[in-house]
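Take a look at this one; I'll ask things after.
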């Protein structure tokens, strides 16, 4: 019997952590063949050179495509999407996958869904139906409308997919694969990550408490990026605790933020902050699992954070409508509010684990379903 | 007061007829400035050189972009979408429109919606919410999820947009601008179009009855294109009446169909069939208004046809779920069934006019709304 | 021992005939591995679907790339070059060839040379150093300046390469592979090609004399294409002999010519002209070997024509400075002059064979050299 | 009388300094209209945000194009060239220039020359005919073969253009516009540039002697970039003098070098080195005019350096064959040799000014010639 060819596109640092357990489950599955395309910022040094991590994890990369047009603004975000479509169409034509599996909601994900659906290839999608209230949400829903097979994280998300008119029989509530890594990681021994990874900045002490900051640009508030990061910087400086700061991802506006961070790094030499570009996904879980507080606007605080019980200070609009556990405290772009929330979270400490976004078995479930589900590319609208 | 800059993208022959009355209304509006981009197959001779028609109609083209990658298959359809995104991003960056208005559901439309939404430009969309049961429908819904302002044709379509989670306050039921042309045209005197346009094939007599055939490839049934057209050809040959045949549009599969049509043209020299690439939109309305039957799978049979009362034989799956009037008779890809349906329609004659897709005033309504409506680019999901 | 990987790019109908014997020799060579990329117009039906011919000839295609931006004008010619560079860079990165072999002088050839040389891959080039006096010549010399290994057709061409500052040790005078096919073909029995190939137009008689017309647009005289073809059409009509007409290639201006030809085909129904898109290279040799005269501006009249002794009427500037044998009569774009020259050539009949552009052994020579030559990518300018 | 439209493409930091005096002369010329396109790395913050400098200098930017595909390796260098061709073809089609003026020899320059020559636009080129012995030289000569009007720096370069077969009547020895800036700048008062520009690193003293380092990756020695920079770093550290270090440009390999430099910056905190991304062209001249030694492989050491008399230590192969004055001392990638050469240059001090690459009046000469010269796009090969 021919194996089904499942083509997975990893386009960024975030993508990889959210799909790794699926990649491993597909690789190990005897009725599936993995075609792994690594593209976009996942190939770039400044976004953490994710391809290296992937290969170190023992996964074989089938093809690569450079598709990021440099500029990190709204024009180049659009242009990068177009370039990704052009590159992926050539690769899909070579690889002739039975299914293309695309992850979440970033602009590279859109390129994948457009290309595959136009080429009459069944599209499977993780994280569909989640509400977050930004361009990411619009893109996520648009991808759902182009997708044939859905792997939402939970019941709430599935309900949104039903309302969007998707066929309930093709909606499989599997949990999010990102939680698989979290579940796995917390059961393993942790190394001293500060020693393991280079980064730049003040040397940190692994045995002392630290906070983690990860704040991405909000593309619909493009011009306020530098100002927004300023508020966070001020709050963090005032808190005065050891700080692990992760570079933002490739969205429009990241350049302005990065510039501001470099200035901070240069100016506040004595402050105990250390900057990192990338962690292996499991190490990232360890990092935030041990953090006394996660500050910023990363979805990982809400999603993995719920499972890990990490106290989170979530800033601004980026995660606006996302379903969240008690571990998340929401604040505006305001240094005082951020500072106060961090203090409250430090006082509270760890929260209980909640399986909001999955229980740790998503990867195997998704691989199993892909090995046997209907791959038809016809769709029709389901009225609620 | 600054005029609002409304950028409209005309990408194909079909696009133009469906937006022309809006273009004219925007041009004439004292609070709006029209930015007209002509791209994709609308620039190509073999698809009717639509840009020439546009300029003859007195509209000023602001910019053009060649974006069709030659090949007319699924790979190049995807690649053309990518190229359109790359080109449009440069043009939007130059033109800085306040709104981008995109038409219907073809792949070029998707490129427009992706580019504008990623660039934080408000996207307005016509024909959203219609159900048709093919990749076009998926694309249409995906575009709705990226759009901010909706101009659906009728209540049914609006209800679909509500279910998709769109904000009802930003859904304006205006009717479809294509019907404006139909309403206008039927009140005007008709010239002899057979004399006016060149085309190739047997010379036809404008004063005798004729049928019109327009059958596009169905991209999700890509490989069956030649076979499908064969059934239609056989039925038409058997009917034996004067036939106006329109070349299919640029979708994947059109090359195979065109090849088959050229063979027919070469082989059946005595048969009264004449091939045309393009009519001015109004002339197209006249053409199908006077036709004794419209055969194929064009949406114009269902949409303009309802208004004009033209008898239609609709073949295959392309218009599957589209809301239709009594003038439409549906058949499969089967020459006998097609032949029988044509005979029934010839026997029936004209139907009564029905305002299913609009009443003729959409263009002015849309321009008015665009001059005053909220242009915010934030969206959130509305639960039904 | 590892085989050297030789990547050959076939981008058009003309390309294939000029490199086929090399492809066969590389395939058969025990120290070489052939990587065959088919791209651009060689993938398109309307330019003869060359990829089908290639596969019928038993050659294995390694990868394909759609790279023609539709429009057939100067803008899309440039854009197609850019797209080819983008596509080829992805493919070269996958295939990691030791040498990229590029053919002659068309715009796709430029894309190949730019991509390979920027990627530090040794570039080998056939037909370098020939003088022809158009943009093709400029492009050909530019490619030579980016190439590392040269396979010119004859001493004259080699001298031009020396003047261009190329290293004489890397210039191998092998003859042109196109002549290999000619030499081979004339020794074989000919089938009735008029029966074998479809085409459109008047049915021709294989046993009666015929002329062949092949006239490409001259891209630097872009706007005069239709006018120029008009003169030829008039002369051919006046000659009144059976005529085989070949569609021009994909250069800017071909659309206007094709349009004019279609009009001719429609209007002059009784005239014995038949149109073809493509012949297998060997069949093309047979075709012009048997023709009583070859009319137009194809280099094949001058190059293969010299070897075959076919009488040629060469029109206009496209082959201006190309070294030629006695079989070529040059005329301007003037119907009277073209008519007179055809009459003179019909009166003269066949010429003696001359080995101006090769003797029939180029393919094997080139394969042998590629298996052992220096592949260094450093170059320096040689003063004459 | 219509003004001639001269379209100049500035694609990088280096481009701008080498063409600025021409831009000013065209702007001021009453028979010329300047169309200024800024593209590629000239738009990017990390390469010095050159567009800001241009606008501060009072020049009006006509259009921009993002064309750098991120990755800074050989694949993306090729891909960026392709993207630039695609973008420029759209812009040239809009702007319809009479002449496109392209600068020197980088990959973006190639894109400009290919696009313009394919679009039948006259191409003018500065710095043609110079010998430097790397891929840059091959590209420079290829561009000359696509260009119609040549503005070489000196007699030696003109002789190379003659050998390349260019028409001597279209070769104008004007000197290099880069020297215009140098001539101008030395006559003006200097500010304290260390205060004026930000940069990162150790604070330097403007009144004390300093050396300048500028070492680009050599794309044909792509993999050795980090190793090569290592040798220079060691030598500079051993010299121990105040050091101004400029970030390398966008060529393949720059990422690896930048990474190594950041490590150095982080590790050797006490060392008096300061890093800068960009200087206004005149300020760059001041900087190297005052430097006691310029170290690295920038052509500015050889070209502007000859005029300024700055002692130069030129490392490696990048400027191999370039014609040079006595101020240049050549060494290999060897820390000891670099150290020794720096010491010798420090001991020697300033050299006499030599007009090898121009005398300061190139900008006005070029504008004058462009206003009246033949713009024909036909070319033929001139035998020497």
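Order as written gives the chain letters A, B, C and D; numbering starts at 1 within each chain.
Going forward, a contact is a pair of C-beta atoms (placed from the backbone, for glycine too) under 8 Å apart; a residue touches a chain by one contact, two chains touch by 3 or more.
A quick note: this is a predicted structure, and the numbers were derived from the prediction, not measured.
Each of C-D and B-C has its own count of C-beta contacts, and the greater count is at C-D. Chain centres computed from CA atoms place B at the largest separation from subunit D.
The distance from the centre of subunit B to the centre of subunit C, each centre being the mean of the chain's C-alpha atoms, comes to 41 Å. The distance from the centre of subunit B to the centre of subunit D, each centre being the mean of the chain's C-alpha atoms, comes to 51 Å. In subunit D, the residues that reach two or more other chains under the touch definition are 66, 75-76, 79, 83, 86, 90, 93.
Taken together, the subunit D residues at the contact with subunit A in this complex read 41, 43-46, 66-71, 75-76, 79, 83, 200, 255, 259, 262, 266. Interface residues of subunit A, counted against subunit B in their complex, comprise 74-79, 81-86, 88-90, 92-93, 107, 110-111, 114-115, 117-120, 131, 133, 135, 137-139, 141-143, 145-146, 160, 163-165, 219-220, 222, 320-321, 377-381, 383-384.
Against subunit B, the residues of subunit D that register as touching in their complex are 63-66, 83, 86-87, 90-91, 93-94.
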